[in-house]
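Alright, structures below, take your time with them.
Two complexes follow with chain A in common, the first pairing it with chain B and the second with chain C.
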Partner chain A sequence: MQTALQLLVTTLQIGAVYILFSLGLTLVFGIMRVVNFVHGHFFAVSALMVGVLVPKVVATGLTIQSAYLIAAAAGILVSLFLALIVYKFGIARFLRDLEGGFILTMGLALVLDGVFLESFGGGVRSMPPIIEGNVTILGAVLTTQRLVLCVVAALLTGGLYWALSATKLGKALRAVAADHEAAMLQGIPYHGLALIGFLLAALMASLAGVLIAPVSIVTPTMGTDYLMKSFVAVVVGGMGSVPGAIVGALFIGVIEAVGGYFFDASTATIAMFVIVIFVLLFRPRGLIPHA
Partner chain B sequence: MRSLHIRWWTVGAAFAIAATFLVKGPYAASLVNLVAISALIAASLRFGMLIGEVSFATSTFVGLGAYGAGIATTILHWPFLIAMVLGPLVVIGISVLFGWVTLRIKGPYFMLIGFAFVEVVRIALGKIAFIGGVAGMVGIFPPHFVDPWMPTIVMAVVTGLLFSLYVIEKSDFGKVLVAIRDNEDIARTVGLNVLSLKIACFAIASFCAGVAGSLHGFVNNVISPDDFGFMLTVFALAFVKVGGESSIFGAVAGAIILVLISSFALGLGAAEQFVYGGAIVLAMLFLPQGLAGLPWRKCLPARWAKRPANLVNTVAR
Partner chain C sequence: MKSVMKYGFLAVASAAALAANAQETIKFGISAPLSGAGAPWGKGSEFMCKAAAKEIKDAGGIKVKGKSYNVECIAYDNKYTAAEGTKVAQTLLNRDGVKYMCAVGSAPILAAQSLTERQGVLLFSQAWTKSGKGPNFPLTFSDIVSPIEVVPAMVQYVTKAYPQAKTIALFNVDDANGHGAEEVVRALWEKAGVKVLTSDFYVHGTTEFQPAAQRLAALKPDIVDLASPPPSVVGAVFKELAVLGYKGIKLATDGTAAEGIVATGGAAAEGIYMGAAMTFDGPSVTEHQRKLNEEAKPLIGESLSIATNPCYDAVYMLKAGAEKAQSLEPKAIAAIMPTVRYKSFYEDNVGFGGKEAYGSAIQPMQPVYITQIVNGKVVERAKITPKY
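Up next, the complex of A and B:
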């Protein structure tokens, strides 16, 4: 029972970050039909900014919490700026071109890998805890910091879900994702919305990065690792589907937590990819197909 | 059947093989080997693209070729020639099976399956202890009397396979493959067994990747699972995209140019990622048909400037 609870908590913890990450990936795919390989870099750059800036701001005498908030804001801004450049000079020319977009973003990802290694160095960073202390929930122990992470991620996911289902912008985004030509006939500006959708996705990735930075080690190549697993989440859930991405991300969380506990991390990764091969073979549109 | 330009191929291959006799020193030899093997991998990836599929599994098949050479040489102590063909033969079997299961789906889904497959095999290879685990295998040496001739052997094998791929592409079988890419359903209506044809194409491409892997094992002497991650295919894709996928010469030219540029840039201290990533991005943005798509023929005398029909089709796609 103790183990089961601990695993459940770990699943939610891992799943929360993957949800934020996968939502952006699936949104971009739904609206632009682009499999975005640079998504991990929007995530990594904000985490790296936090990792680099927090010690510097703390050195000026501010508390670690306010240092974290300043660094997080800077990280998100840098990430959004990067997304704007990537969209304007790259992806905007490859909207709805699956293969072209795939290859282009792969090349961009390579270039950005190089840029990050040059500018942040290859070293591994870890941060002092932002919030001290542990909490016990039904006998399962976790750090307060991770609990806050989970709650914030859950709130953000809920907020996004609400925004997509209830606001005018969300409806327009969903309309474009369902049938962009019909949406354009109704006067929805596709290209403007594609940019907004792309920035929204980058925002979520950078929020995930900011949230993960204090509880994980930060490296310039961390994005790729998360990207691979989020691909699995998005494919299993159904590319372009918002509920699918949530389900898929929780699924990744379960495999990583349970597989990592009973076997080891690499076995869990193998299992994930084997499952994704089967999903692609038998339900290529995923468990919850996108409209 | 159109002319196979056998005269030009003979001259080119003879020139390339003769050039390896002039190679002196380990650095030049390793560069020649790297160029030749990269060209073969690029041509293999491009051959799969004849049916319109980008096969990430190429990385894995190169890896299996290399591991075949490694296991046969260092564990089983089998002779060189058998070690050379062991990996590629295993690759044919696996690729037929893999193709039979996965070639029913297309485009990005096929790419993603290949992607997942590469990751699974890479991680799994790292968990098998008797082939060295994550550290990989060392000491894959060709016999002593062969060793000084390795660049020549590599070049001969590579040009031979490139010519075979070219002949297959120009044959009726190759035209059928392109027809499948252009419209699979029409190909089916004239009674072609599309799946078997796709598997055949995939197996041929994978075999070449396997041979490239065996060669890589013998010239590199050291292999590890991480050498055969999906990045290998991304690099090959860069060769094809920069050179141009409309012709096998595009893939080969892309490999030669990018490998030379990147080894030059590495010498200057730049990272590999910038060269390959930058090449892919620039080619995608500014040279959608690659170098082969540039209007070379305008520079030629008028009597050569007729564009062959099948090239027009490919460009119009």
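Up next, the complex of A and C:
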């Protein structure tokens, strides 16, 4: 029972970050039909900024928590600024162009890899814990920091889901994702919404980045690792589908936690990609297809 | 007339001095991880190659047939993968035209080796495995101690210090490095009468180690050995194990430095034994070692270690081989290499051995340091020079 609970808690922790990451990825695909290989860089740059700034701000005499909040805000701003540049000078010219967008973002990802390596160095960024201590939930142990991460990620996911379901902007985004021409005929400004959708996706990635920074290994290449798994989540859930991304991300969390426990981490990773093959064979549009 | 003669003499003297100082340059390639978790090893390798090159330049260069040669280190990022290792080797060999190179990471090394042996390039291998070394690879020389030398020393030390320890769980990276290490580690622990409860692997790029730690902790081993993961992963795994209440013996046989482990492991790094780190505080440390370490630390983010120093030794191996062979031809240098003695970062006058283990004398006879992280610093527990 205790093992099962621990695995459940682990699944939720891992899944929470993948949800935030995957939501942005699926949103961009749904609205723009662009497979965004730069998404991982929005995630990585915010985490890197946290890794760089927290020790510097702490050195000025502020508490670690204040330093983290300042660094997180700076990381999110840098990530959004990067997203704005990528959109204005790149993505905007390749809206709903699957092949063009694919090549563009792939190229941009390589360029940004180099820029990040030059700017941040290739090494691992160390960070002291933001919140000390462990908590025990029905026998399952986890750090307080991870619990907070999990709760914040769940709240953000819930907030985004609500925003997409209930607000005027969310409905417009969903309408554009479903049929952008029909939406434009109804007077919805597609290009303006595409920019908002792209920035919203980058915001999700950057939030995931600042949340994971204190508990993970922060390097300039960390975005690529999350991108690969989040692609799996999005493909399993259904490209462009918001509920699909959530289900897919939780699915990745289950495979990593349960597969990693009963077999090993390497087998769990292989299993993840094998399952994607089966999903693509039998449900090529994913478990919860995009409308 | 007098002043004309004076200036003429000065001009001739300057030209002669310039000619005497004119040294040709030997390109020395480095294939190493300059990004990701293995970056400290790659950056350290580049730093150490340049340090050796500078020392050799200051001492008059590599002297072959009356000419002096300087060394230029050219490094590219192999990202610790075979695919990138192949690209880097192609660039170094075919574009830069290097005839000598050192490489870091078993997978990229094996990838590079398919080119170096065929194209007659001398390869100094930092492979943490036995594969790719021996008589079938006449142009390849090891520049690092490997699990074949480190693990017996570690097993000997731990079994003596903790005779009550009867079980062990192993955790390795799923690549040539990890599998090579696991083969040696598992066999030696079993031979020492310690039961191996599990031997798990993870793939590069894994960022979440909680499930792996949960699995290891559930087995309740007396010892957990992370025999091949890089420092940041070692720290992350032991941190998760600490959260789950693990209080057993912690080993990182391939552990290279405290800083990288402490960076991700925090307090959980305390007490970890390492087989590939060295201390720069003790009385046995030379001024030269201390100085290079101080210069390297800000650049690579951690102390120099067994994993960062091989390219330094490789440059000196090349110097010793070329000067003894009086040739810059890689094949001529390789033929004479097993008999040379070179200046190592660890000790002067180091030679090659290892015929029994590897099939030919390609292994440098360097010492193995068993160290432990105490109060965030590396403390030497034993120094053992392997017998070949």
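Simple rule for what comes next: the second predicted complex is superposed on the first by the 291 of 291 C-alpha atoms of A that agree within 3 Å, B and C clash if a C-alpha of one lies under 4 Å from a C-alpha of the other, contacts with A are read in each partner's own complex, and residues count from 1 in each chain.
In this text, contacts are C-beta pairs under 8 Å (C-beta built on N, C-alpha and C of every residue); 3 or more make two chains touch, one makes a residue touch a chain.
As the structure is a computational prediction, the values presented were derived from the model and not from experiment.
Have a look at chain B and chain C on chain A after the superposition and call it: clash or fit.
Here chain B and chain C cannot both sit on chain A without a clash.
By the touch definition at the top of the document, which applies to A:213: first (chain B), second (chain C), both, or neither?
neither
Considering only the touch criterion stated at the top, classify A:273 as touching first (chain B), second (chain C), both, or neither.
So A:273 only meets chain B here.
When the two structures are overlaid on chain A, which partner does A:104 contact: first (chain B), second (chain C), both, or neither?
The answer is first: A:104 touches chain B but not chain C.
In the overlay, answer first, second, both or neither for which of chain B and chain C A:50 touches.
Touch partners of A:50: none, neither chain B nor chain C.
Name the contact category of A:19: first (chain B only), second (chain C only), both, or neither.
neither
Is A:134 touching the first partner chain B, the second partner chain C, both, or neither of them?
It touches chain C, and chain B stays clear.
Which partner does A:118 contact after superposing on A: first (chain B), second (chain C), both, neither?
The first partner, chain B, only.
Considering only the touch criterion stated at the top, classify A:176 as touching first (chain B), second (chain C), both, or neither.
neither
After lining up the shared chain so the two structures overlap, which partner does A:93 touch, if you call chain B first and chain C second: first, second, both or neither?
Once the two structures are laid over each other on A, A:93 reaches chain B alone.
Flag for me the stretch of chain C that overlaps chain B after superposition; candidates: 9-17, 45-53, 81-89 or 207-215.
With the two structures superposed, the offending stretch of chain C is 81-89.
From the superposed pair, tell me which chain A residues show up as contacts to chain B and also as contacts to chain C.
In chain A, positions 113, 117, 228, 266-267, 269-270 sit in both the chain B and chain C interfaces.
Under the touch definition given earlier, write down the residues of chain C that touch chain A in their complex.
Contacts found on chain C: 33-37, 39-40, 42-43, 77, 79, 174, 198, 200-203, 205-212, 214-215, 218, 231-233, 236, 243-245, 260, 262-264, 266, 300-301.
Provide the residue numbers of chain A that touch chain B in the complex, in ascending order.
35, 89-90, 93-94, 98-100, 102-104, 106-114, 117-118, 228, 231-232, 235, 266-267, 269-270, 273-274, 276-277, 280-281, 284
Which residues of chain B touch chain A in the complex?
Where chain B meets chain A, its residues are 54, 101-102, 104-105, 107-109, 111-113, 115-117, 119-120, 123-124, 126-127, 234, 237-238, 241, 271-274, 276-281, 284-285.
If we count contacts the way the header does, which residues on chain A are in touch with chain C in the complex?
3, 6-7, 10, 13-14, 113, 117, 121-126, 128-129, 134, 141-143, 212, 216-217, 219-222, 224-226, 228, 256-262, 264-270
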